[in-house]
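Would you mind keeping the following structure in view while I ask a few things?
Labels run A, B, C and D following the written order; every chain starts at residue 1.
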Amino acid sequence: MENKSNDIYGRSRVKNTDELDKYYSDLQSMDTGALWTVANDIEPWEPHTISAPMFWDYEKLRPYVLEAARLVTPGEAGRRVVYLQNKNRIKEKAAVGWLYAGVQITQPGEFTPAHRHVAAALRFIMEGSKGYTIVDGNKIDLEARDFVITPNGVWHEHGVAKDGETCIWMDGLDIPLANALEANDYGVLAEETGGQEEVVPRNYSPNRYSEAGVIPMDKKWDKPYSPMFRYPWKTTQKALQNMAKVSEPCEFDGYLMRYSNPLTGGHPMQTMGASMQMLPPKMHTKAHKHTGSFMFQVAMGKGAVIINGKRYDFKEKDMFCIPSWLYHEFVNTSETEELYLFNFNDLPTIEKLDYYQEKEHPEGHQKITS
Amino acid sequence: MENKSNDIYGRSRVKNTDELDKYYSDLQSMDTGALWTVANDIEPWEPHTISAPMFWDYEKLRPYVLEAARLVTPGEAGRRVVYLQNKNRIKEKAAVGWLYAGVQITQPGEFTPAHRHVAAALRFIMEGSKGYTIVDGNKIDLEARDFVITPNGVWHEHGVAKDGETCIWMDGLDIPLANALEANDYGVLAEETGGQEEVVPRNYSPNRYSEAGVIPMDKKWDKPYSPMFRYPWKTTQKALQNMAKVSEPCEFDGYLMRYSNPLTGGHPMQTMGASMQMLPPKMHTKAHKHTGSFMFQVAMGKGAVIINGKRYDFKEKDMFCIPSWLYHEFVNTSETEELYLFNFNDLPTIEKLDYYQEKEHPEGHQKITS
Amino acid sequence: MENKSNDIYGRSRVKNTDELDKYYSDLQSMDTGALWTVANDIEPWEPHTISAPMFWDYEKLRPYVLEAARLVTPGEAGRRVVYLQNKNRIKEKAAVGWLYAGVQITQPGEFTPAHRHVAAALRFIMEGSKGYTIVDGNKIDLEARDFVITPNGVWHEHGVAKDGETCIWMDGLDIPLANALEANDYGVLAEETGGQEEVVPRNYSPNRYSEAGVIPMDKKWDKPYSPMFRYPWKTTQKALQNMAKVSEPCEFDGYLMRYSNPLTGGHPMQTMGASMQMLPPKMHTKAHKHTGSFMFQVAMGKGAVIINGKRYDFKEKDMFCIPSWLYHEFVNTSETEELYLFNFNDLPTIEKLDYYQEKEHPEGHQKITS
Amino acid sequence: MENKSNDIYGRSRVKNTDELDKYYSDLQSMDTGALWTVANDIEPWEPHTISAPMFWDYEKLRPYVLEAARLVTPGEAGRRVVYLQNKNRIKEKAAVGWLYAGVQITQPGEFTPAHRHVAAALRFIMEGSKGYTIVDGNKIDLEARDFVITPNGVWHEHGVAKDGETCIWMDGLDIPLANALEANDYGVLAEETGGQEEVVPRNYSPNRYSEAGVIPMDKKWDKPYSPMFRYPWKTTQKALQNMAKVSEPCEFDGYLMRYSNPLTGGHPMQTMGASMQMLPPKMHTKAHKHTGSFMFQVAMGKGAVIINGKRYDFKEKDMFCIPSWLYHEFVNTSETEELYLFNFNDLPTIEKLDYYQEKEHPEGHQKITS
């Protein structure tokens, strides 16, 4: 369907004339236009992405992230973050589609001001120790490869204990989406010294939702997001390995698990989702494409991704994006080790709006063109 | 909150230095940036709209719509539509926010090619007689002020009977949204002569969902949109008048009713909603603002709308838009007649993403500034 | 499956012995038993109903209903109701399954005390004029063949205006179900003179939900039952006639419409549902059976029902029940007039518990055996 | 409210007369009755339970369970189960309310015939080793104190490996409810040797849903019950202990967790639920009552329950029931060990029908009367 001609019945095929030019000019003066002059553009045969596939080499990026912590203070900057810029989404400050991604650094003893926004936020922990987040008055300890949510509109702040080690994590937000839909806002809790009051014991949320299939019955939860704020790496990895004991890998994604709200089975937040996938040693998946924008980080292992005919080789902590409706396939280049890929995405949005479509590559794999 | 300073703790307040400039330049070369250089922009204190309030005078526009039918054929143009162009959304071809609006003309004996798209479409009938739509094989007769849906992904086409009168209607689509989320597509059913086969008797849908509170039990409906494709003006007006017999008008909206899917109570389509509101004679509503983008048409009566401090006086069939988070209030300038305003909007999207907020004007009414 | 033998592997086939008898006796003394002695009974091959099909001739019943009004006062009796007693459900006071049905009389100027109960209640108006109900502070006028709900736990009372005519209606309640599930309760609002305060204008609910596909937006409704308390006969009949213009009748039920909550599309109340069906002149439906208990009243016309091989001829206002899993078929014996049958049922309960099954009669029609 | 008089306005207070007696007799002959003669009985002031509180001492019961295995074979008996008989629910074969409970024995090498029924079933493992269940083609290993489901209508069978030890478990079913609602049925898969084919690897379900908050994405699940068929004791206990680290115990239930469907957060099956609760050493809860029927087993520890003023001391594996709307409170009599109580219940049914109510004991604790 991609290359279908526009020169057929049902598509706009109007030829220009002087009379039409005059007509178009009149329309323009009234803040109007003729649909047939733009119809083929705004009604493409297939979904059309603006974003470019992009790859960020963490080894090159890391020194600059460290430098940020030297150059500015949390008090001046709010957060010390190097954000990832899709070269086709500069105005939107998006890493891919309507998703923002950044790499944040926090040094021992530092913390960010408490704030909130309509946009959803999440974190994937990359390095360091004794980092913590405070979400809605819940102080939660963070470890490498944990996935942590900061839902839409909820007060949050982060820091590292004085005796911890410098923490670096990937932030994901849908600020571009919330701005595009003209709904984003911002609030600061208190000035200078302030922050949230801790309203429950430390690690309250993780301790109440620690095992599959059992739900605490002492409190009602009426929020539209998950009460499980941290999804530990340890259990996520174990879940994937257990799944692999009894299931064949999916031909497009290997073993793929979605982070979920244990009270609904839905996505942890209203607008952004996240997944972890595992490719067994040597697996090379088949290519497909689907709607939705995806920002990846290599959680563990090494391999490659081929997006729209271009191959990107990666190692742990590298980051890349897969834009909507571009063919992609994954490779675990190790003969012995599992490959784990974390991603966050806009699937909750895409699914709620009934915009999800997918399509297998007709030949199974892409031809590598660059 | 609107005018809150950025010179406080929790906002980005980094002063430029040569060292930072060098740093920023390095970041840029790696497709990255420093969050603190853009944070205050992408995290506004309150929702921020790009769209301008706009007003389209139907009397001025109508001759150009008629002219379109003379200038191009359905076979060449697909549809003869003058679209409404928000002056701040030219690239997106949007009338407001991510909504497209156009005024379509069809002459007796003409019909459009059958087509479909992921974007949702709707129509509000303005003038003419013996118009019809065929949605998913259902041929439905249309009358003035009827509201008609063409849900996401469903085959549709329209026409006017040979013995009818030229029909003009407003089209509403969320093509800009479906494109922005990189999910839109397009299909043409058949070439030249073709169109959909009628799979059910004429006016099947309207006759099966003709009265409140009763649902046919002979067929299962498993689609994500309403089985009631046409919402007649006659019953809509009566419903509002009945409501007015027993209820006080809402101080912001008069009597406001939402078109709904009788099988779920939800919006008729997945991404776009529509409402009809009635202001009794002389009513002047209070001002408020909320998220969501709204495209209006004056269905009956005359009056004015004040948006963001500017007053627009209107008469029947005029069209205007209210962008997200701008204060607005309505006036029925008649001493004796009811005023009816139709609107379509992106509320299903805004609500599903949990982006809805509203705020009353602190002084009840806006000061008129232009 | 009905007549399947129990003498097969997988069914209990234990033969009695003296040793077993002794064992059974020991078990009994400990408030226990051996499953295999009862398994075939409590695990029947197919659903098994206890209720008998029953028929109540309104002509014979009516004088006794009138007599009730002479014999006792509302103050003494609460309500003057002749209840319908299934001969196999005497202890439960059920007309069929776990449903209670009664015929209530109210004379001009009389009213019942305001009360409420966990059990759901509904009414189908049979005769009289200027009757009213007050549900949750809503006073609503009733006309013949209207269907009216009194949801679970809501205050309600009924009466007839002083200048009205004696009203008779059928009451339906699931008191037996609420008692069986040990959940029913009862409350009286006030003594002697008292009743509910009217909190909204008369006929508030019917005027706000008067037309299909439009919903008032001025108030939030957060109750688990329908905000539309009365379903008028006039619109119900019209809806069925409209449906008949464009649809073939269902071979088992003719034209069947379910009363629904316009805000959800679900049943009007949590535990009981109701439907109206229309058989065109001369239609004789095919036989099927399904789970769920149904209490019918002939709303208009004449005909017959054949239940479990027995034929019952009926005329307007006669009442009958169809128990769970008995074959049944309907006949309109008129050559010219439509037949309308009202029923109420426990389908919301059956559906929520996932207990619905149905089965066509293998030969299309039953053999009449009595 | 319990002891409220019936001699008030709004209750039935009709005195008998000869004329009324004659009237009642006439009504009876027409399969009808006068509501006011039964109204106060069928509309109690508060929920009224029929079931008695009951206690079953496992030490006394166990020899009879073992004896069952000697007396009858699986081929003859289907299943060797000693069922628990509430003394007020003999006809219904219920342990409490509409719930059946039994204690089943299976010896090494034995297995039950594969069968299914509309009624839901569950198991709580009491003793033995190498027991297994096969649910819908999934063979799953069972260990002591695991909770296992056999959802409504699904094929199932159980057995013990040849090198295992005799297994004993509690069965819970809502056969009485499915029969009461005239919806139950029964099917046997195959004769003599037969059983289900294993359609997935052993322990497929437990390995795919092994950790909280992550869901496999390779298969769609469209069933109305949980895909997690086994809820292991090991993780359930750990979850309760984690919850206790950060939460105060509920004053009525200690630490209470509900088994849930990880895809929906709802109950694992459509009609029956189950919970595990933990009381810390020495805890004595406050008394309350609520609707719903509950069948308990002491999973670990010792203590007492006081139901309706009567105290029952218990040790591990003892079983008891708490009928609807009877006051109850729990005691952990150990100074050092945690007490774990497993229960299954009809809460999904009670909640779906909107029948849940609760009430605290006005004095905090019951007076012990026997």
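Quick notes
We adopt the following convention: contacts are C-beta pairs under 8 Å (C-beta built on N, C-alpha and C of every residue); 3 or more make two chains touch, one makes a residue touch a chain.
None of the values given here were measured: they were computed from a predicted structure.
Shared contacts of chain A and chain B, meaning chains that touch the two of them, come down to nothing at all. Over half of the residue numbers at the chain A-chain D interface are used by both copies of the sequence. Averaging C-alpha coordinates per chain places the centre of chain A 43 Å away from that of chain D. Chain B and chain D have centres, each the mean of its CA atoms, that are 52 Å apart. The set of chain B residues touching two or more other chains is empty. Taken together, the touching pairs link the chains into one ring where each has two partners. Against chain C, the residues of chain B that register as touching in their complex are 200-204, 207-218, 226, 228, 231, 235-236, 238-240, 242-243, 245-247, 249-250, 253, 255-265, 268, 275-276. Those residues of chain D that touch chain C in the complex are listed here as 1, 8-15, 19-20, 23, 26-28, 30-36, 38-39, 42-51, 54, 56, 60-61, 64, 67-68, 71-72, 75-87, 93, 97-98, 100, 102, 113-115, 117-119, 152-153, 175-189, 191-192, 224, 270-271, 291, 293, 323-325, 346, 349-350, 352-357.
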